[in-house]
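To keep things clear, I will list the structure first and then write my remarks on it.
Labels run A, B, C and D following the written order; every chain starts at residue 1.
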Amino acid sequence: MDWRNRPRIGVMGPSRCSERTLDLARRTGACIAREGGILICGGGAGVMEAASRGARESGGMTLGILPGSAAAEANPYVDIPIVTGMGHARNVINVLTSQAIIAISGGPGTLSEIALALKCGTPVIGLGSWRLESPEGQAPPAVYTAHTPEEAVAVALGLIRASLHPSRG
Amino acid sequence: MDWRNRPRIGVMGPSRCSERTLDLARRTGACIAREGGILICGGGAGVMEAASRGARESGGMTLGILPGSAAAEANPYVDIPIVTGMGHARNVINVLTSQAIIAISGGPGTLSEIALALKCGTPVIGLGSWRLESPEGQAPPAVYTAHTPEEAVAVALGLIRASLHPSRG
Amino acid sequence: MDWRNRPRIGVMGPSRCSERTLDLARRTGACIAREGGILICGGGAGVMEAASRGARESGGMTLGILPGSAAAEANPYVDIPIVTGMGHARNVINVLTSQAIIAISGGPGTLSEIALALKCGTPVIGLGSWRLESPEGQAPPAVYTAHTPEEAVAVALGLIRASLHPSRG
Amino acid sequence: MDWRNRPRIGVMGPSRCSERTLDLARRTGACIAREGGILICGGGAGVMEAASRGARESGGMTLGILPGSAAAEANPYVDIPIVTGMGHARNVINVLTSQAIIAISGGPGTLSEIALALKCGTPVIGLGSWRLESPEGQAPPAVYTAHTPEEAVAVALGLIRASLHPSRG
């Protein structure tokens, strides 16, 4: 199987959230899997687990990039745990490994991933996530807004393809 | 000298900004030094350099936590360069080493430091920085707003003292 | 496929080495794949590339944990690039993500991975690698010595199984 | 005070060791302080604490680069705690921030610092530390051997000066 060329899409979100947010995450994971993508997440509970579950149920592959030092900390729907032992610094790895990230709801951890993705040049799609207004004189943040999981994944795939084939512009 | 008990205050901000923002940063650094604080910053240009310069000019001590692998990358007003070689992951070290951070203006890098500080429990004071609205159902971000460098430093010192002596209420 | 329960075996070694060492690495990767393992490596050239190639040629899955910030830096036999942007700090991730590591030849980078694995409790098997003598009064390093790729992989698998089922003694 | 130009010398060693090793560490820290150096260490117990104590007692400045997330974890002789929250990955910061390291005795953690220093180009002086024999075909490790704390510090200072003024040959 051609793993290398399958799109790597990150789903970022809080470990504690509403049922409605969990449902959005699960549908997002399922949609990524149906489109042939590899799901990248932080490997924890809440949005991370629901997205992993959705991807797994649709036959996808899931990676969990863990803050702790034990693979056993990964949620049960993570196929391959990446064990960093680096705490929140692993958020940088999440956004560098993903070719685009979808932020669903989110607390400060998710906000840090949105910000780090913007800093690193990884496209960001928000689905019911943070609203940001940059300081005077600074460029506005390039966060795409989606209204459904399907739209979020479609935008992510479009942005990934555009970055791989920039000349098609 | 009792270095260990001097307050460690981070000043976070962009490497490129307006003259007015540079002036705010320099005054913030100067105020930290006058209050006996140690200035923590990312060691780069712009706000980081202006804050370091202000602190140095007022007789303070400055630490620069660098993303790259060479001490020579530190701006000339950094007294002690901490060389991480870890790129943006050093932002986590900035906010864990600081007992409070003051965010001045800011692009995505500064936003990541605000978010990581909120995640790690380090108090955040904004001075003309990002405006944030958390997603529905999530707690609003606890960012203090200051209007002058002097107010920002006073709030930072008050929050640091409160965290060290919580029983004084 | 049950990815989660497939053994994750790291192959660590230098990016520049002899043809003979490359051959050992390729055979090691092939053997890991035949045994159903997932190959973990640093994603670079030399031993890392030869091991990835051997695993790929035998139908295995390969992960490359990269020091830089671009997935394109991975060698062509890496199936899934993990992009850390953290330089040598990624060596810690290599040894925490692997359930056992096989060190083949090696310069200082490989030595750091042997040492970090010993520190983290990840079993280490050496195949023509560093000889170490610990300081007086300190415990000798628990590095297993193998003489062939096949023996190295067999020892790695045995140690992984023993750690998962410690009660079997 | 001209902090920026004071030599930054790391002292690496285990958190548990013999009284004799603690004495060597304390004398090393004292000697670094007398020579005007800044002591860099991992901030923990054992060799790290004894070296910090020696430096403090001789009027020196000490930095502790901590693996955990709390400044309070630093030993009592650390002047400025650098809080990384990155576990063993902080070993990379130790060796990049130091302009030379002195390894005293040592377990696997110290060995990882020796190896990372060799990889990063930071000179290494061993004082009763690991004996290393590189694999066939690889360059031997450039570790200087010292027999007393005073000799170790003198070699460190000489190597730092040589690296700053390479043309003097």
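We adopt the following convention: a residue touches a chain if its C-beta (ideal position, glycine included) is under 8 Å from a C-beta of that chain, and two chains touch if they have at least 3 such contacts.
None of these values were measured; they are calculated from a predicted model.
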Chain of greatest Cα-centre distance to subunit C:
B
Looking at A-B and A-D, which one has the bigger number of contacting C-beta pairs?
A-B
Once you find the CA centre of subunit A and the CA centre of subunit B, what distance in Å lies between them?
29
What is the distance, in whole Å, between the centres of subunit A and subunit D, each centre taken as the mean of its C-alpha atoms?
40
Note the residues in subunit D that touch 2 or more other chains, in rising order.
69, 85-89, 92, 120
Contact set on subunit A toward subunit B in their complex:
14, 17-18, 21, 86-89, 91-92, 105-109, 111-112, 114-116, 118-120, 128-139, 141
Residues of subunit A touching subunit D in the complex
69, 85-89
Contacts from subunit B onto subunit D in the complex sit at residues 3-4, 8, 38, 61, 63, 65, 69, 71, 78-86, 89, 92-93, 96-97, 99, 120
